[in-house]
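Input: a single structure, listed below in structure tokens.
Chain nomenclature is as follows: A, B, C, D and E, assigned in order of appearance, with residue numbering initiated at 1 for each chain independently.
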Amino acid sequence: TSLLGESADVRISGGVGPLPMVQVWADMYEEATDTVFDISGGGTGVGVNDLLNGQVDVAMMGRDPEEDEIDQGLFAVPMLIDTVVGTVNVDNPVLDELQENGLSRQDLEDIFTREITNWGELVDDDVDEEIVVYGRSDTSAAYKQWGDFLAGEDDYYTENELENLADENHNGDQAVAEAIGRNENAVSLNNINYVYELESGELEGDVRPIPLDIDGEGLSEEEDFYETRDEFLAAVEEGTYPAPPAREMYLASDGGFEGDAADFVEWVLTDGQEHVRDNGYVPLEDDRLEEAQNNLEAGP
Amino acid sequence: MEGSTDTAASEGRSRLGRRLLTERLSSYWLQGAGYFAIALFAFIVLALLYQSLPLLSEYSLVQVLASSNWNPAENEFGFLPAIVGTIYVTALTMVMGTPIAILAAIYIAEYAEGRTKTLVSSFIDVLAAIPSVIFGLVALIVVVPFVGDYLAPALGSGATGTGIFTVSLVMAIVVTPFMISLAVESLEALPDELRESSLGVGATKWETIRIVLLRAAGPGIFSAVLLGFGRVFGATIVPAMLIGGQTQLPSSPFSTGQTLPTLIVNDFGELMSIPLTQSALIFVGLMLVVIVWLFNFSAMLLRRWLQQRWQY
Amino acid sequence: MDRYAKQRLFGLLARGSAALVVAVMVLVVSVTIFRGGRVLLTDPAIAVTPPGSRYMLEGDGGFLHAVLGSLFIVVPATIASATLAVSTAIYLQSDYSSERFSDVVNMFLNVLWGTPPIVYGVFILTVIIAVGAQTSLFFGIIAIGIFQYPIMTRYTDEALRSAPDTVREATYGLGGTRFETALMTLRAAMPGIIAGIIMGFARGIGDAATVLFTAGRSTRMPAGLFEPSTTLPVLIFDQAMSFNAEVRSHAYAASFVLIVAVLGLIIVSKLLAGRYARFAPGGRNS
Amino acid sequence: MTDTALTTENLAVTYTGNREVEALKGVSLEFPANQLTAIIGPSGCGKSTLLKSLNRLHEIQPNVEITGDVLLRDRSVYNTDEPVPELRKRIGYVPQKPTPLPLSIYENVAYGLKIHGRCDSKDELDERVETYLRKVNLWDEVKDRLDAPGAELSTGQIQRLCLARSLAVEPEVLLCDEVTSALDPISAETVEETLADLKEEYTIIMVTHSMDQAKRLADEVVFLYLGDLIETNDTRSFFENPQHERTQQFVTGHTAVEYTESSEESGADSETVPAER
Amino acid sequence: MTDTALTTENLAVTYTGNREVEALKGVSLEFPANQLTAIIGPSGCGKSTLLKSLNRLHEIQPNVEITGDVLLRDRSVYNTDEPVPELRKRIGYVPQKPTPLPLSIYENVAYGLKIHGRCDSKDELDERVETYLRKVNLWDEVKDRLDAPGAELSTGQIQRLCLARSLAVEPEVLLCDEVTSALDPISAETVEETLADLKEEYTIIMVTHSMDQAKRLADEVVFLYLGDLIETNDTRSFFENPQHERTQQFVTGHTAVEYTESSEESGADSETVPAER
């Protein structure tokens, strides 16, 4: 049943976050194996819904599966890591300081919860500029992860709490990036594709990452990997950059992958991982990858 | 000879039979089509109502309408922020758009002549036909920076440019051409005697327009404004692109926010697989239909009343 | 302020408002044409190239899928919806139904006309969920069709009402059946009907809210009636938010295509209406 | 020659719209075959109503009630199984306002033929169209542009086109409602000539407001007044020796003022006003 | 009594729309003060155009060109610094179709007073409204419903309301364009009576198509034909002894047929037709 092409062997739908990467994978796989794909976006919810209705074989998920969904038979394996980093304007009054010393999780928590409201308070400098905090709007998985990260271990801020605290919230990464790009005193969070130039992997736009001072003792050599995307991605992959704010994205099935879909997912978790980094995402860490492969094998 | 007329007659009869059959069949089809509008409306309302039941059985209507806490992941469904946002956007848009639309309509109907008139009205027709997503796109590079870099700072706000005010400004641009062409129509339908009567007792052109023509065309202009109102109220794409999508009670005209339609756009795709959220968002659709319906109904009554009052 | 100063002031305001509206229109169209035209001129192929595998990431390939998606959705939707709309409008005329019935139906049509497009999208989505189907070209057609239906019905109804009654009388007088008479009235009202249908077409091809959740937001070529697809407005909506300037530029190129299509439709409508107007009773003498 | 084509039996028509109007109050009449009968009377007296009720055309309006009957060659027009379209084919109607169908000139004439399936081949159709266009003296004027829209003809030509269109389905009776009133004097004359030719072959029933026209064309005259039949007679007796006072008033009044009426109708075209005097 | 209120000097008006129409071809006239002058002539001869050009009302239409001049008491209406509304206050106009403004009965009359700031207090306004409604014989009919929309009155009442509205601003000259032609005979008579009363105080210039009306009401008659002034004279001489052949034709033609014209206009209201005979 097809108007223009062959009918699909594997049908995928879901979130627009992971869509670009899955698209690339599918094309590669299609070339190698003649498996025909059919992919559409629309949102993670749409994908899961299609999946549970038996309309697609695989759902792409930009967020963790919800209880409700797992109860309905959803079985998800992680496929890659999407990375979020704190961002400021390129002309931020204390950018040099930030790049020198980074900010600790506590600093960021204080900023996003409005304990600290002036850039001058953060650094020993006579800067007197109010900090403007931009948040993301609802249903943003990245924002949720960010909340988990800010609160420290075993605790979290909900998106609502963060939204309430922010000066403004924006719908989507691009909107946030543009807002940051227009305000020297703004701080927010972005997916790294909105920070580094996709082609060159350099910092070229108006947005700069905030280096994360993990040990709270200033930015050590090891912690200073924000110059280029490749460096950064490597750090995420090694786990030097913590998760959260990095987070996993999933491929999901209704009660276990089957047939061509199973083969494809298996390929994603093996050979497919090698192509992740070229496209601005982070491959799964080795042990997490192994766990995922085992999970896939074992099924739900 | 006799035989040939016979066959001709019987052929004529069978042809007539065919025509009458066509007549009967077509009338069934047309009748079906005639009832389709009612059936469609009923079906839409029932389908939306049915799908809203899960939410309505969990929460009371007052609870969801009066709560400002929107957090689907935690099963908190407060529509108040989106409702307030919708009202905010609609009111601001109408405040900005209506006077301009009416004035421009007055220009076209009462001032412009000849080529200028043709030119301006065809410009406005074109403007009315441009898809709203294009307005959203152009606004992203024109209006957002303008509001964020000039207007908001000038008014002492630190807004970035996306938000309720920007949406209202763009929606005003989207709806004015509709309002204009309808208002022009009703102004032009007025008999010249009205103008002559008023001018003939020494009224100025403006007095004639304000006191006589605007009243006489009042019901028509009122409909035009209502139509614009309806379009702003249900506008989806422009707000989705420009409003910022934050489900909080807006604190100022420049702050980001959410309208009922953008709530659907922003949350449906991500969360529709969670049953209660799905129901909540479909309920938003139901609310939109019901409001439009109430609105149309009261508008009809009001219009009748105006027509009574301002007949000529 | 004396009366004459007021009159001058309001004259100026009226002129100013009209000038403002025209200026805005020139701005919008020229930004679209300039930005979109520039993109299309440097790489005209993107309008006729299928999207590559890295389309979402870096605009690899083009947006032929959205162009085709728009055509495959809006053309059938317009045809189906116009058929239904014209039939409804015929039924609402006095030959077929009482004044009361047509008043009632018109009231429902008004409500449908005012219903926000996103509601049609949600409605069709509930249908999709209920029947356990996937978003697809087919449901996009249904959603757009429903969206166009009240628009086209209202225009057709008005056109039929303003067709001269004498055409009816003449056709009946020749022994025409009710249906044959209705067809003749339809021809007499053709310019208005065409304007209405093209209006519906233009609204349909420009609308994103109805198809956002019904057609699928696919990033590939449309593969079949029950496969996901996308349309130009949805593409613009999606691409406008991309991090990649290259991808964002496609949104402008797509807008250019869309605006040219809509302007084209308006011109076609004027031409067609003119053609039929020659046949309308009193064509030359009116 | 004196057999009866159409008979009305106590025909009464009431419009039951907003306010009730008794347009015809029981009219019994006989229309002789192959003659031209003119119906005259002041405005609103029920002329058009009578004419339309003869082939049930009034039924296309809502809120009309009718009692009595009409007989076409002894068969009832109202109590019959015959489908109404078939009936109207036999009793044709030409409306007051010259109205081309939204078709080409050719198709206008061919329309009735086509719906009634009168012609099997294109050639036959062509031939018939020519025949009827000739019959109304229009052929020479339009033969080079048969594909042009009917609406592009002049009003007088359109009225003749309407006649041709009605004749083409070969009705037994032709009803004409003030067919010349919308025409300028010259066109009106041409149409009158056409009607004069046609009355040899057809039974024609014509409403007119012009006494002169009735005198010139009609064999019989029917005078209606406020829904009542006042008088009917052959034309000569009717005008020379009217039986009723009302008839006399009406007839003398109208013949005297004929020219002003047409001047009012042709509107701004004022040159004709005193010229005829 | 014989001083001149309004003078036209070689007044010519051309409509330059799609096709060029010379509606007035250079008309020089004097309208005596405190008299009623009737303008007559066939349809399209330029009566309305002349009337409107007297207070520049034609200017609300696009594509009109005017040459010559109009003098109001020796001051030019066209070459003046006076704003046009002030001028129109002095030369009032009542349109042909009875047109209430979309206001209440009271406000219709008060409209002119208000915009010209004639009245300082509500009481004064009330008083004036009453005065003018009495002047047109409407007061008794409407005094209990002054707040009702003007449009709720009958056509004849509306026409008198329009007169009152124009009179309220106290014009020196009143232009009336066929003010009775849209009225039924009884209303027309009432309005005529009103005009007859008013001509004592005002200079009235009235277009009419009824010779009888002109005879009854006018002091002077002006006859236009195709944009040219044919003849002007006092009423008695004009009708009894027309100087031009055209005038004679027109006058005799029209007086004879007066009743049919009104029957045409009142449409279905046919009872009046032969009754007058």
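Rule of thumb we're sticking to: a contact is a pair of C-beta atoms (placed from the backbone, for glycine too) under 8 Å apart; a residue touches a chain by one contact, two chains touch by 3 or more.
This one's a predicted model, so the numbers in the text were calculated from it and none came from an experiment.
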Chains touching both subunit A and subunit E: B, C
Per Cα centroids, the chain farthest from subunit D: A
Most distant chain from subunit C, judged by the mean position of its C-alpha atoms: E
Chain pair with the greatest number of C-beta contact pairs: B-C
Rotation angle superposing subunit D onto its copy subunit E by C-alpha atoms, nearest 5 degrees: 180
Intercentroid distance (Cα basis), subunit C paired with subunit B, Å: 15
Computed distance of Cα centres, subunit D from subunit A, in Å: 83
CA centroid of subunit B to CA centroid of subunit E, Å: 46
Residues within subunit A bordering two or more other chains: 16, 42, 46, 49, 172, 175
Residues of subunit C whose C-beta touches two or more other chains: 3-4, 129, 177, 180, 213, 240-241
Multi-chain contact sites of subunit E, meaning residues that touch two or more partners: 83, 85, 115
Of subunit A, residues touching subunit B in the complex: 15-16, 42-49, 52, 62-63, 66, 68-69, 132, 134-135, 137-139, 144, 158-160, 163-164, 167-172, 175, 178-179, 182-183, 186
Complex contact set, residues of subunit B against subunit E: 113-114, 191-204, 207, 211-212, 215-216, 218, 308-312
Complex contacts: residues of subunit C adjacent to subunit E: 3-4
Of subunit E, residues touching subunit B in the complex: 52, 55, 57, 60-63, 83, 85-90, 92-97, 99-103, 111-112, 115-116, 149-152, 162, 165-166, 168-169, 175
Subunit C-touching residues of subunit E, taken from the complex the two chains share: 83, 85, 115
